[in-house]
Amino acid sequence: MNNAIDLNSDLGEGFGMWPLTDDDALLDIVTSANVACGFHAGDPSVLRKVTERAAERGVVIGAQVGYRDLAGFGRRFIDMDPHELVNDVIYQIGALEGFAKIAGTRVRYVKPHGALYNAVVHHAEQAAAVVDAVKRYDPELPILGLPGSELLRQTEAEGLTGVQEAFADRAYTPEGRLVSRRLPGAVVHEPGEVVRRSVRMATEGTVVATDGSSVAAAPRSLCVHGDTAGAVEIARSVRQGLVDAGVELRAFA
Amino acid sequence: MNNAIDLNSDLGEGFGMWPLTDDDALLDIVTSANVACGFHAGDPSVLRKVTERAAERGVVIGAQVGYRDLAGFGRRFIDMDPHELVNDVIYQIGALEGFAKIAGTRVRYVKPHGALYNAVVHHAEQAAAVVDAVKRYDPELPILGLPGSELLRQTEAEGLTGVQEAFADRAYTPEGRLVSRRLPGAVVHEPGEVVRRSVRMATEGTVVATDGSSVAAAPRSLCVHGDTAGAVEIARSVRQGLVDAGVELRAFA
Amino acid sequence: MNNAIDLNSDLGEGFGMWPLTDDDALLDIVTSANVACGFHAGDPSVLRKVTERAAERGVVIGAQVGYRDLAGFGRRFIDMDPHELVNDVIYQIGALEGFAKIAGTRVRYVKPHGALYNAVVHHAEQAAAVVDAVKRYDPELPILGLPGSELLRQTEAEGLTGVQEAFADRAYTPEGRLVSRRLPGAVVHEPGEVVRRSVRMATEGTVVATDGSSVAAAPRSLCVHGDTAGAVEIARSVRQGLVDAGVELRAFA
Amino acid sequence: MNNAIDLNSDLGEGFGMWPLTDDDALLDIVTSANVACGFHAGDPSVLRKVTERAAERGVVIGAQVGYRDLAGFGRRFIDMDPHELVNDVIYQIGALEGFAKIAGTRVRYVKPHGALYNAVVHHAEQAAAVVDAVKRYDPELPILGLPGSELLRQTEAEGLTGVQEAFADRAYTPEGRLVSRRLPGAVVHEPGEVVRRSVRMATEGTVVATDGSSVAAAPRSLCVHGDTAGAVEIARSVRQGLVDAGVELRAFA
């Protein structure tokens, strides 16, 4: 049972003329901001604005690193050389760090984005590349990822800090894994249900699986979405629900 | 008369499959490496390799910041919003800093590249943007530029350190300005002459202008080129000529 | 006095995850679609969808060619080599033509976008580059541009067809030029006023200038905007106003 | 046994400041030019130059389509939505067609590049996407690929023309497949041996496999490389060897 939980969300995912995430709204909701670093989204002016505002509000800044693929928004697996992936991750952390620095703060964690996030659940070489990049850059930086993932396994094997996250709006199997998005019922859409699941994870450390059983899910961080107006509204409700349940909202980094 | 001079050159200007500068050769010649940061050239793996090797050899690393224009190699003026230019410069310095950091060193100066270099000779708003970026990022970082440029004027007006560079292979007017590349004779091609001019600038602080007069040219840094095999050879001769003349090769940062 | 006028608008200006223009709504309003070609906006899947739907509805397809600048949305002047601009324009027309072809139609005109549109009002070399590209690609293709522009002057000097457009929501000087966007009152925001000006241009060939005088403005095409919900609504009103005034909406190409 | 064979090579693979393939030399050697279309390499000015020179010399132009990945040169598999791949292929063919058109010719075939070439040997959905793109664009265009590939199987199943190619410098298994590049001996480096294998394939329709056996290899086209000076020299020798052996060099399209 947790006394405190972190709320994280993806921010800074606009590019040039094209806005996407409602960064201002999200910064009033989350305790950790996964800021896009320019490879899948996020031009320098977006990064500047998000990091400054996050710093002003005390929201912790993380580097949301992804494949170099603006056209695919980082949502397409790229079978790249792991040695190059190490460097792509370092580049992105460094670029974001520049803005964190001028905002008087620092990049405090790393979270892979999109297809890279999914790849490093199983892809040992790419997981190792992300861990290697963080270890070289700053071994004190936690890595945020999926419980049971190859990424978190290697993170800990290398002596770094892995942080587990859960998704309040995703269905879980009786084994405690996420139901694939390709299956019906993978995403919970009803706002009240999303809030109830969030509170249960934060206060009881469990989630109701697809078969009605209760499985362990005691994440240090809950991921909420902000790429539609409806998503922001649900994220706000999750925050309020947690506060009402006496859960402390506290960043992990 | 200088006792010491810096030799700088552009490095890391390959991208993906496409090599360009002979970085290994240049790192044996120069004392300061202007490393491309990914906007006009330089993918993350190039940056990694150049910064590591520069660090190993004690060559000082500078951020060679440019317009976001891979197709034009940063050689085309872009009339961009100065507020966005500030952020583009910060992004590039930060990205390179990530690699400098893992190589155990730091970015120690900033030099604009290509069309941006030329723009900030006269363009007050873009010059101000570069200076603002450096000031916000780290006011201790020197900015390398053209003597008499708006960039160096503003650098000093803002209390930052401006460093003057000269070009051993460029002709100068009797007023001490560079002869435009559009005019015949703008570039000195004869290797021996390039070496003689370099030594004269370093030891006497003068250069022979197009009318035969001697004009002041006492740069803290000499820029040599490395984008062709011939250029690397000339750069090597310049280094040897300076050493033979008793000039100390010493980075400015 | 015109019996017929064309309505054109920029379409296909999304990119990847990022939508922008409400293409479906606009295709019910306009007679000519200026489709982005991938350099300032418009990924291939956007082009496919827009060209197919335009073809289904009988909307004429034009190539909206711009600078290669996704980060700047083509709104930043790039001082590029005119010889390269010729090729960038050909590339974009060809790419769009591929989709027009599979939709059973053709690219029927060319219109420069954003900063290129503004540049070729005065910039003779870049205007010549656009004209040269179109002349080489297909000298039968009309070029849509600003009355009095260098672009249209050269278009006609080369024996190509220039088509004049006007903006119903822009203020005009007593000399019949657009009031600079940097000046107050440059844009007419009141929807009813935009409609009245449109009808007046279409039926009387005049517009009321900033000093209250009536100046000639008899465009073959009216440009309406579609990058906000409000803009689409105004565009729809302009269409309805023209229809109600007995003006035939007819593409020029 | 063939009386005629085609020689194809990848051309136009520079980008901006970065040259790569020696296009002029190759255009004197090959009968078919696989021209990069801008997604993995090839800026518009490169495409212009290569298509014009190919047209002048009677070399047939093919669209060498690849993943949108300049940083990876199209050599990294991207697990993209096949519907988007269809459109990426159409876009690239169309773009190149623009230059073929102004050079007075046409794109006459399509060949996937790099990781896409390798993917469509087995990846049914991506193979289908390439075939669908070509079928929609022009069902008369042949597709050049690997014998036994899913790509060629689907090409023919859809009623299009598949053209088989072989590699004179690659080792073959006794089953007639290419030896993986990850294995030693995958590439034949000795120029004389490359020429002998080429001639044997063209005149006898066989190649000596790794176990010394003779296996069928009667390609309509032989692929030669041109990304290094040595490669160009070998390609020239292959051409000469074929001519000396009385083989007619003739494009397939």
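Every chain is named by a letter (A, B, C and D) in the order it is written, and numbering of its residues begins at 1.
We take it that contacts are C-beta pairs under 8 Å (C-beta built on N, C-alpha and C of every residue); 3 or more make two chains touch, one makes a residue touch a chain.
Each chain and its UniProt protein: A, B, C, D = 5-oxoprolinase subunit A.
All values derive from a computational prediction rather than experimental measurement.
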| item | value |
| --- | --- |
| Angle (degrees, nearest 5) of the CA superposition of subunit A onto subunit D | 180 |
| Chain centre separation (subunit A, subunit D; CA means) in Å | 42 |
| Rounded Å distance between subunit B and subunit D, as computed from the means of their C-alpha atoms | 41 |
| Per-residue multi-chain contacts in subunit C, two or more chains | 43, 71-72, 84 |
| Category of the chain touch graph - line, ring, star, complete, other | complete |
| Residues of subunit A that touch subunit C when the two form their complex | 13-20, 41, 43, 70-73, 75 |
| Subunit A contact footprint on subunit B (complex, rising order) | 38, 43-45, 47-48, 83-84, 86-88, 90-99, 101-102, 136-137 |
| Residue numbers on subunit D that touch subunit A, as the complex places them | 68-69, 71-72, 76-81, 84, 115 |
